[in-house]
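Please read the structure below before turning to the comments.
As written, the chains take the letters A, B, C, D, E and F, and residue 1 is the first residue of each chain.
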């Protein structure tokens, strides 16, 4: 890494966090990491599990990439990153299989696929390889939590509509202490299956994206209104 | 023969990688604005995916199983896929610059397309024979290409439609993908 | 001039190779260690899985062994291998359990079927199926009690011609609007009973 | 005569009964005539008269500029009141250079105007030259200088002249009346043009809703085997020359080509009539037939109108408006354009002035396209109007061009049948205009680039010269010998 | 009259409009609809009204939300038609909430999020039907045998209310459609000749006295409506003819190959929603190709898909899926299949005449 | 276990070597896109894009650091061409179509200082020291540079008036909006 490419002192913690969670959200803003997003969100619990596993990998990979950024040459950086990520993912895979077996069964193939979750490589490339370790780790955390957030919301929406429950199986998957999460919202609910079938995943994400648009638009309108109101106030 | 035909039908239509298995969605959303680029991406992926299933099978049976190191599967597969992609790029560029013009820009994207790793891992999980694995990979890739191109066609028309602002762009694309997947549910049970 | 490029070339490549190779080496080593650590718990979890499904159909009173241990492999009428788990009490086979497969509405239905030494059904559960949720999925014990109706049945009870769903003149209920799934399950269980009848001696022979 | 089928097309109500039975009348002179210097495709003419000058009928008012242009002549005798800007006979409402003439009422022809006794003895070039000098342009609406078309024989091998008497636009009857009342003259003009083109075969093509014109022409042409009259099926746009030629010969004109590519030249009967007058009588083009019609006109008429007459004068002569018209159109309802007002003058290309009622126009607010494909079925050019319009709407003009914008003849069949009342033609007009504007911008950009490069080179040269001068001065003050050239250095080494 | 912003011609227009077209389609549907409503009695009438009503209300609500003018879109009749066709594709005695949910899906998810009429890529009625089918297979596969209004076995007004609104109504005598029954029996390994005679006579199916959705009953009346649409030039022959011909061809070939398993062409034509689809649904202009050749391809694809899904896939009737799948192909068909442009060959190059050596002089 | 780790490491070693080789042989020299982009830009070096001229702007666009919409004088047409060259989808709604303008010099105020003459990138201004200057409208690109420097503010940027030849129908999509 040459001097010219030295990291910009962009350690604006608040901004990194905000961007990761909302403004530059992997799913809602970048449209990346879509496969796990759609595949595991038939319940909020699954979404939470996947999100946390991915977050762990993200934080670690960002940290390692950032630490190693002096050593790695551009030619082999992609394979090296991939090896790094693959290792982390395999570790998570083994760990979950051994210590959170139920979750492992549900997440299945998608744990392995965290490797190719474009978001992880993307963050390694675009953030961690240019920024100091702490910022990179925070970025990984923010991005990961943003991802988790969307997964949980999406899973929740699909679960409620599809089967009338929320966080079903949380106790089983995450441990008994999570039992309080489980909700049976509508007792005699027939279940609108579409929501938990593949088409429902796409549809729900589509509406979620539209929802984010509306929220952003309203926020922007508010900001404008405030901006125009300020001179009058002062 | 008939068995392989059914396998292709099954992987391409019934258990479509994109719409049912949910693999490779990022390129699905990213490279489907134009029919031509979708076709290019599809063809490039078809090649890489077929090669990857082949390489995956060989790795599995010649390296991982004899040495009993299944836990290194992800690592080796992804390494080999990255290599396959790079070498494909190199070979195409050397052999046919014209083809490179068409496919070149999509090749690097494929490394992070989880359909490639996903299908390779799935075939190895199902313990199929060599030829079956390759057909499985090829059929999946065919399904990938088909849906990519159909979706690109739909998106080209969407670009001309007067979609409400909140839905224009990605949201409506996801909704279209949902309806597309709804249609593909009709193939259930076909093979 | 050209020599300079050639000179730098191998060095660069060697560095790349060593870099990637080194990382792979580290990664592989790390994973090997991790595998060592987790191998046991994972094996344990798998065994638990199997035990969990077996214990659903095999009452714990009738055996004192580890059900998953030492399974027996037989071949069925079609020549396919069947893995049989045996319940032993005091060295005697008191029950057997194996998978049976039915051809449902949307694909295969995999069941685990447990029989006692007399060939009476101890219990049966669906392990995997692709039936339509809301219609065919009532065969899951979690959704409907239907599957419990097989308990205590055997090849002669009901008689062979009544081993079917009511619509076909049999004993067992179907679901309204979905006959195919129950029909497939009934057939699969009947097949499992016939397998028992055909292989009774091997099944009940006490393990060496 | 065997006819061939064309694709698409529509069957609008022809409404010719309004004016078809009105014999041609001479419109009395208006108090002032406004003769624009541009009444044709190509370069505008430049004035040949001064303010206050007295001119005779047929005297040259404006001189044509360059090969694609046409002169204009005085429609009557009178005094030039001025040369200035005046609202053009054009939708835009823009003004154009116009000569205003105050008729003296004598309507006196210029001295010495006389025709050729035997035009067939003339060289084709000579005929074309006379047609050019007479200011004749295509009267079928395109107003392309006719002499240019007569010279096509130099580049193409031609075999047929078609007189386009289709007059497929609703309402319009002036070609019909012309062929009925001046049959011999139209035929003579056609023969002269055929001679100029070097072709022997003449086909006079007339739609079947004009049986009298067909009969008149057939009678007049009975003695000459080279002239045939073809009865065309009634279908809009039968009058489009490419489709007319296809109907007659079964051949399509290659895209971006001319009918001359397949050996045929097409002219309007009024053009033939003007050629007859120019050669036999020596008269330049100073008047034309105009159909004044439409539901809002009190008495629809076919008028012979001196060029430059204000539209209001025609309307007044026809009894004014019966009711306030919804649309005032120049030309037919399908291809015609709205007039910006009634002050504008009649020009060489005006074949109709229509005042249409709301009921006739049947305009409705545009709704979204339902992709019914009526427009696709109606398009005589095999285009996809709905797609072209959608691309134009989305701002993707290149897409519109790829879909064949430049092959669209603007006939309006698509808009006519669109159940959603989408202004398809306007989309295409806009896109064509925007493309042309981009073409101009590009040309200008290239030109600018050249200028900038020139400037850069020039400045560089000046600077170089300055540097050298400076160096030279330095050297002189230091008394050193001039710098060595590389060659010197080599010699030293 | 002399507006500042010139509006280009033509200044004459055919007497046609979107709402006129929709009204004609409704007229064409009317005989078959009335017949089916009579056949299935009050519950069917309620469901029909609920479905159509939901569609209209949903359309109005979406227009309001999008701040678009209500009248033009609401009165163009497209929402009415969507609701109508959706109602015709549902089991006539389905509960009220099926109609409501279906109407919402059709109008909101399949139409208005795309921007309203003309912008949707998939047939709204069929999207709703498929979404309902996969979500509520039990409700969507429960059919009743026709019991004409006012006949003794028909439910009265009150009973009808109870059936539709899920109050304690009489137990329904439920059954499957012809296609459903045949698929079930075939699945059991019974050969066709054993199955068909009891349940199927081509004539009764053509007239419409079998169980099924409203749009599946009277093939004859639907054909009549379709011919009316053809005569009014609302639709062209390409899609219906291609669909019917392909389906019939596939059925005939397979029937010749193995009559024991594959029913003949007539069965496929009068059974199920073939005719409704061919004349009223596949021809939905918004979601079908625009060129005649494209329409032929569309129809042929539809025929093949309907046959394949009916015969080999998990569902006994494949019309709705086939329509959605072909809707998916429509943009591609339109992209690749275009009419030949005047003066150009199929590839888009200007025509050249081989014998033009004599027409064009040396350059 | 040692064998396992060793063989995987060997795999990595080999692939790393090969990748290094590949990247060595496949290095792309410069960015060929830059020239193509430069060819599309107006070339007036006006700097309105925020880059010192069209060349740097082209580099920035080709490397993706600048949006295709930066060139103001190029207008919609250039944006569209760039977008199609780079395979991007752009929302043209944001690109305001500027009405083209040309400079016009008020002859009564011009003091003949030659400042505008020197600034004009396309030699569209004619004049000499202490003479009244005038603009050759056909060569004026409307960049406004002369407008900025004129000490007497006698230069006016006038919209180009439509003529019968340049007028065309308005876009109906914009009419209805």
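One rule holds for everything that comes next: contacts are C-beta pairs under 8 Å (C-beta built on N, C-alpha and C of every residue); 3 or more make two chains touch, one makes a residue touch a chain.
Note that the coordinates shown come from a computational prediction; the quantities given were computed from them, not determined experimentally.
In summary, the chains found to touch both chain E and chain F are A, B, C, D. The chain with its CA mean position farthest from that of chain B is D.
Chain D has its Cα centroid 65 Å from the Cα centroid of chain A. With centres taken as mean Cα positions, chain B sits 23 Å from chain A. In terms of their C-alpha centroids, the spacing between chain C and chain F amounts to 67 Å.
A separation of 57 Å divides the Cα centre of chain B from that of chain D.
Multi-chain contact residues of chain B, defined as those touching 2 or more other chains: 69, 71-72, 75, 79, 82-83, 159, 162, 167, 171-172, 175, 179, 182, 185, 188-189. Within chain A, residues 75-76, 79, 83, 86-87, 90, 94, 190-191, 193, 197, 199, 203, 206, 210 each touch two or more of the remaining chains. Shared interface positions of chain C, i.e. residues touching 2 or more other chains, are given as 12, 15-16, 19-20, 23-24, 27-28, 31-32, 34-35, 105-106, 134. All chain pairs in contact, by the document's touch criterion: A-B, A-C, A-E, A-F, B-C, B-D, B-E, B-F, C-E, C-F, D-E, D-F, E-F.
Every residue of chain B that touches chain A in the complex is listed here, in rising order: 19-26, 28-30, 71-72, 74-75, 78-79, 82-83, 111-114, 116-118, 121-122, 125, 165-167, 170-175, 177-179, 181-182, 185. Of all residues in chain B, only 35, 149-150, 153-154, 156-158, 161-164, 167, 171-172, 175-176, 179-180, 182-191 touch chain E in the complex they form. By the touch rule above, chain C contacts chain A in their complex via residues 12, 15-16, 19-20, 23-24, 27, 30-31, 34-35, 37-38, 41-42, 45, 48-49, 133-134. Within the complex formed with chain F, the residues of chain B that make contact are 33-34, 37, 63, 67-69, 72, 75-76, 79-80, 82-83, 86-87, 89-90, 93, 159.
Contacts from chain A toward chain B in the complex involve residues 31-35, 37-39, 78-79, 82-83, 86-87, 89-90, 93-94, 109, 112-113, 115-118, 121-122, 197-203, 205-207, 209-210, 213-214, 217.
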